[in-house]
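Next up, some structures in structure tokens.
Both complexes shown next keep subunit A, but they swap its partner, so subunit B is in the first and subunit C is in the second.
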Partner chain A sequence: MAYSKKRNRNIFLIFLLPAILVLFLTTIYPMLYAGYLSFRSYDLAKPFVPRIFVGWSNYKEVLTSSEFFHTLWITLKLMVMTLSVQLVLGVGMGLLVTQRLPGMGIARTALLIPMMISPVIVGLVWLFLYFPELGYLNYFLSFLGINPIAWITSTEWALWAIAIADIWQWTPFIMMGTAAALTNLSPEPYEAAQIDGNSTWDIFTRVTLPQIKPVLISLMFLRAIDAFRIYDIIFVLTKGGPGDATEVLSMFIYRQSFTFWRMGTGAAASFVSLVVIILLIMLFFKSLNHSRRIS
Partner chain B sequence: MKNLFLTAWICATLSFGFGGSSGAAEFDGIELKMLAIGDTSVTRLAPIVDEFEELTGAKVQIDMFPYPGLIDKIVIEASANSPSYQLMWVDSPWVGVLGESGALEDLTDLVKRDAEEINLNDILPIQLQENTWQGRLLAFPASGMIWHQNYRKDLFENADEQAAFEQKYGYPLAPAKTWEEFIDIAEFFTRTAGETLGGEILEKDFYGNAQAYSRVAGAITHDFFPIFRSFGGDYWDADTGLCGINSDAGLAAADVMKRLVPFNPPDYLGLMWDIRTGYMERGEVAQSGYWSVRTVRLTNPNEAVLPTIGEAGYAPSPTGDGGPIETMTGALSFGINSKATDAEKEAAWAFIKWGTSRDIMRRFAEEGNGVSMFHRSILSDPKLQERYPYYKVLLETQDEPGDAKRRIFHPFYADVEEIFGVELNKYMAGETETAAEALTNACTKIDTRLRVFPEELRLRWINDVPASIFE
Partner chain C sequence: MIKPSSQKTFFVYLCLVIVLIVFMTPIYIIVSSSIKPSPIMFQKPPAFVFSPTWDHYVALFSERPFLKFITNSLIVALGSTAFSLTFGSLAAYALSRIRHKRMNDVAFWILSMRMFPPIAVVVPYYIIFKAAGLLDTPIALIIIYSTANIPLTVWLMKGFFDEVPRSLEEAAALDGHGLLGIFWRVTLPLAAPGLAVSAVFCFIFSWNEFIFALMLTGSQAQTATVAVMSFWSSDAVQWGRIMAGSFVILIPGVIFVLTCQRWLVRGLTLGAIK
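Right, the complex of A and B next:
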């Protein structure tokens, strides 16, 4: 019996080994190496720069850099812009696609398409739409008598242009989560609310919303983490410009690492960014627990 | 003894006979890969690389990438221990970083050895100097560039436009000699749809100028630096080796670019090199200063609309006071990865010699595919000059010693390009209030990185040592 248990455990470990190996090679080792780099002066393009231990100086450089805080601010701004719109539209769409209306099955599938497209392709599609002279967006706006807008080359519009592309791609994610949450709601509270004569709006705000709130918080939390990872769309559309109007945290890390080749500073910035994300996660969990306690 | 002779005869027959009849070539079995740009310095050559394989046996594969991000790939390639690419396309400002890190093979001895074969004396010396680092030749020119102005010759020669211009500005319309004239011309030709241009009603807006204002890959610095240099500016402080761009010349250049903004297309902050040249190629702007490597498209109706609706004119870059100042040159070149094997290096050098040879260059010119040439004999050929009028400008602006001066070549060029790209772009976008603030911000950031190095090293980096191939 004991032999069989041990054998089972060995087989179990053998099956786990590939996953552990992949996890180690693709996540744990790079992370440890990045941690090591963050304490070193390491310039990939300039081997003549001494590659030495520099203590906390890379972290100090990042945390005293106005550029870092500017990019953090832009990241947070973009996060609020995209999340707020995605939440409203996503919940609305979720409510719509869960209605028993003809064609909703097809609509639900079609609405998921943007989410399945690679962000680089999304960026390219929107680049064509935003193109100042030849873009469709300005072409259609001209029928409304609106002058061409420099979507991606003006400091007023560029961040919105990125937000719009992100909203287009990821609102279906909120929709999908909302729809899943709505389908699992029990009908009793609704029946009781209808008997009490509540309006549709009241039913939504007092019955539906509190029930799906934990799901919405989880969805927002996932999207918030994504906001810190956003890179591809910005790289294709604006590359952080004009000026530094759309330079988010991931662009800052990229520039340090692959434009200036200062791998140590780039690694330190990545870890600072990780701390910010962890703080954000803690905040979301706190609010999730709070909402669970209330419900 | 008889057997010995027989064996020797059989061996000789096998080696000569087989070698000759089967067409065994010098570099049979060698495969070379080239990390390159998709621009005229490479696109002309790429379709005919099979000819090189027929000649030498070496197979060459050219992988073309856009300019933004290409240096990133080259640096990663250079830092790898076992290279994937034996040949590298090199923009001359990269020579400093690639040279100081030892990424490129020193071609000095090879050039000296094959001087006659490559017609060394026919090559403009500044184009070779462009590719040197501390006196060593690290790459060989495939396109020799100058930064100059292109303009709508048909509009400049239109009698009505000439009269209107002279009436408004008090001097005749001609390619600008000063930046003040350049701004006047840009202002004069900026028209909106419905107005008349060259006797025709415009269907869409027409712009006086197109320059690169984008921060992407420091595109704005590529137009700022020639203007800065034309005001007599120097990138570095000669005493300290620190940033010298926040000078009067820097302020004057930033002012010129800012004053040109209203006469540029509305998406000016996103104008990259190719988008900017595209406006000129479609004939949608009156004038544009840029590198001659793209000028070559202006005479080819397959690559530009302009030859079908008008005519391009070419002139040297304007200067601060209109007086002569060294032309800003550049070179798009081919280099050899220093980590390639000896056999690969020899084959790569053979490819460079073939691909940049006078015969190939002349063939491109005769086939109608212009390349920004660097051989005197081609640039001075009267027939070719008639076909490609910019050849005359290319020759006259860099032929004599002292005519021209090379581009920036510092190991921290990527930092300079990126940091100035962002700071200048912010100034043009109105995010930074004054040019002085933008230039000081940029110089401070660069100096912070440079100050950790001893002054002696900084001064060595800014010293343009003449190429030892000229010794």
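Right, the complex of A and C next:
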């Protein structure tokens, strides 16, 4: 076959090259540069002071500071808070919008809108709702008999304030994925389960859930990776405060680099977070291959 | 599927109404606050019926060059989309057609480039662009957004190219077309929906982005998301202008959801779910 000659492979490699080159220059190079910076003492406020090689001291500083582990803990806490609610609520909403009833299509479409909104706008509209004394959220909650909550100014609620905004934006993602997985299911196991006289809950846990589990795992990894990238909403709502109650990893890097101008420390913290992300990405790919093998 | 009972139907609709109220309230707030007179902005109970005012929109475009900021956003978003589609679809075609076991690794490496936290590379970018004199230019943002948009395009387009039947390409090859000719005349037109979806996702991502735009632009290349945030200051928050700006920024995303929601799953899961 003339079509699949060896010469063609070389042409294909030429097709591939520009993208690889661009990605290498724009991603790998800055990362290597960050790696270089992480071994230097680099103060942006003093540009003419030579960047002295300081060995592992930036890493030592990051890895021994209680502040860094505090931010790691906050990041993890926020991840668990958002992911667990999104999973339960998203699967529930996915089951809801796949009911064959009139009006479901429109509802499903409307519920997808939050995902397409810029995270800054999400932050701003929730700031409007949370706003101390004026915001509408406490007013709405008062009808449910809930006392006013200091959403963004108290250490115990600020993280929830951020989590709720993220949950609002991304629960539709789990809903959408669940709905897509549900519509692809074959009806036979359901008919069998109904003939056997199982309850709706039994059918859900024994028939539906195992079938959509691979899809849910992939979706959760995507959300977990995104949880390490969350930044805009926090920047708008709390800027990491009050105190350091909502200082996630990305906020810590930002503050080290651009508030205290300690680029070396910021770069070292970036590298530690990259290691965690790489681990998550590898797990995600594994789950993806796994779910592909099943389907 | 069995026909649901009326009791169950009632329960389903009840849940749906609650979910819709909760999830649509913030969007309603953006729209209504952008046309609400400032004195009743936080009035309780909220005024659902009021005479709308266009003051916030007028102020938005007259007090600051918001039109210029929107133009900046458009330049950056369209530039990055064009750049990413060109390089991304060529690479995707290669990845789809080369039969080699290492190709999967290359595809995964490209995808992983999208997943890194942007904050981790913002420091080096700042230093590099400063040295290159590219701070506060659209070019800096076009380059950065492409690092996220190229991997997305590659993964989406690879899925679409995989679905194009080889026999059509082989027929074109027998007619004497070269590889680039086959790609341009046969494969790409058949994968046109993929190209449209990739374009829309690249555009929306760049249009919505905030951190890099905030840190790498000043007054010249500022984008709309950064400009909206500038109406927020600790002493005076101009909510009307913020909401009016938010609504303008919201429009492309809403149009996208309404027109191509059937591609949304595929795009947002990077092709993992079809």
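Convention: the second predicted complex is superposed on the first by the 248 of 295 C-alpha atoms of A that agree within 3 Å, B and C clash if a C-alpha of one lies under 4 Å from a C-alpha of the other, contacts with A are read in each partner's own complex, and residues count from 1 in each chain.
Assume a residue touches a chain if its C-beta (ideal position, glycine included) is under 8 Å from a C-beta of that chain, and two chains touch if they have at least 3 such contacts.
Remember, it's a predicted structure, so these values are computed and weren't measured experimentally.
By the touch criterion defined above, A:Trp73 lies against neither subunit B nor subunit C after alignment on the C-alpha atoms of chain A. In the superposition on chain A, A:Trp56 makes contact with neither subunit B nor subunit C. Of the two partner chains placed by the overlay, only subunit B lies in contact with A:Ile152; subunit C stays clear of it.
The partner that reaches more residues of subunit A, of the two candidates subunit B and subunit C, is C. With both structures placed on the common chain, the touch criterion links A:Phe258 to subunit B and to subunit C. After overlaying the two complexes on the shared chain, residue contacts for A:Ile225 are found with subunit C alone; subunit B is out of touch. Residue contacts after overlaying the shared chain place A:Pro132 against subunit B, while subunit C stays out of touching range.
By the touch criterion defined above, A:Gly240 reaches subunit B but does not reach subunit C.
The interface of subunit A with subunit B overlaps its interface with subunit C at residues 258.
The touching residues of subunit C, counted against subunit A in their complex, run 1-2, 4, 9, 12-13, 15-16, 19-20, 22-24, 26-27, 29-30, 33, 42, 44-46, 87-88, 90-91, 93-95, 97-98, 106, 108, 110, 112-113, 115-125, 127-128, 143-144, 146-147, 150-151, 154, 169-170, 173-174, 179-180, 183, 204, 207-211, 215, 225, 228-229, 232, 239, 242-243, 246, 249-250, 253-254, 256-258, 261, 264-265, 268-270, 272-274.
The part of subunit A that touches subunit B in the complex is made up of residues 44-48, 132-133, 148, 150, 152-155, 239-245, 255, 258-261.
Considering their complex, residues 1-3, 8-9, 11-13, 15-16, 18-20, 22-23, 26-27, 29-31, 33-34, 37, 93, 96-97, 99-101, 103-104, 107-122, 124-129, 131, 134-136, 139, 168, 171-173, 176-177, 180-181, 187, 194, 215, 218-219, 222, 225, 228-229, 231-232, 235-236, 249-250, 253-254, 257-258, 263, 266-267, 270-271, 273-274, 277-278, 281, 285, 288, 291 of subunit A touch subunit C. Those residues of subunit B that touch subunit A in the complex are listed here as 68, 72, 75-76, 78-79, 97, 100-102, 214-216, 265-270, 411, 414-415, 418, 422, 425-426, 429-432.
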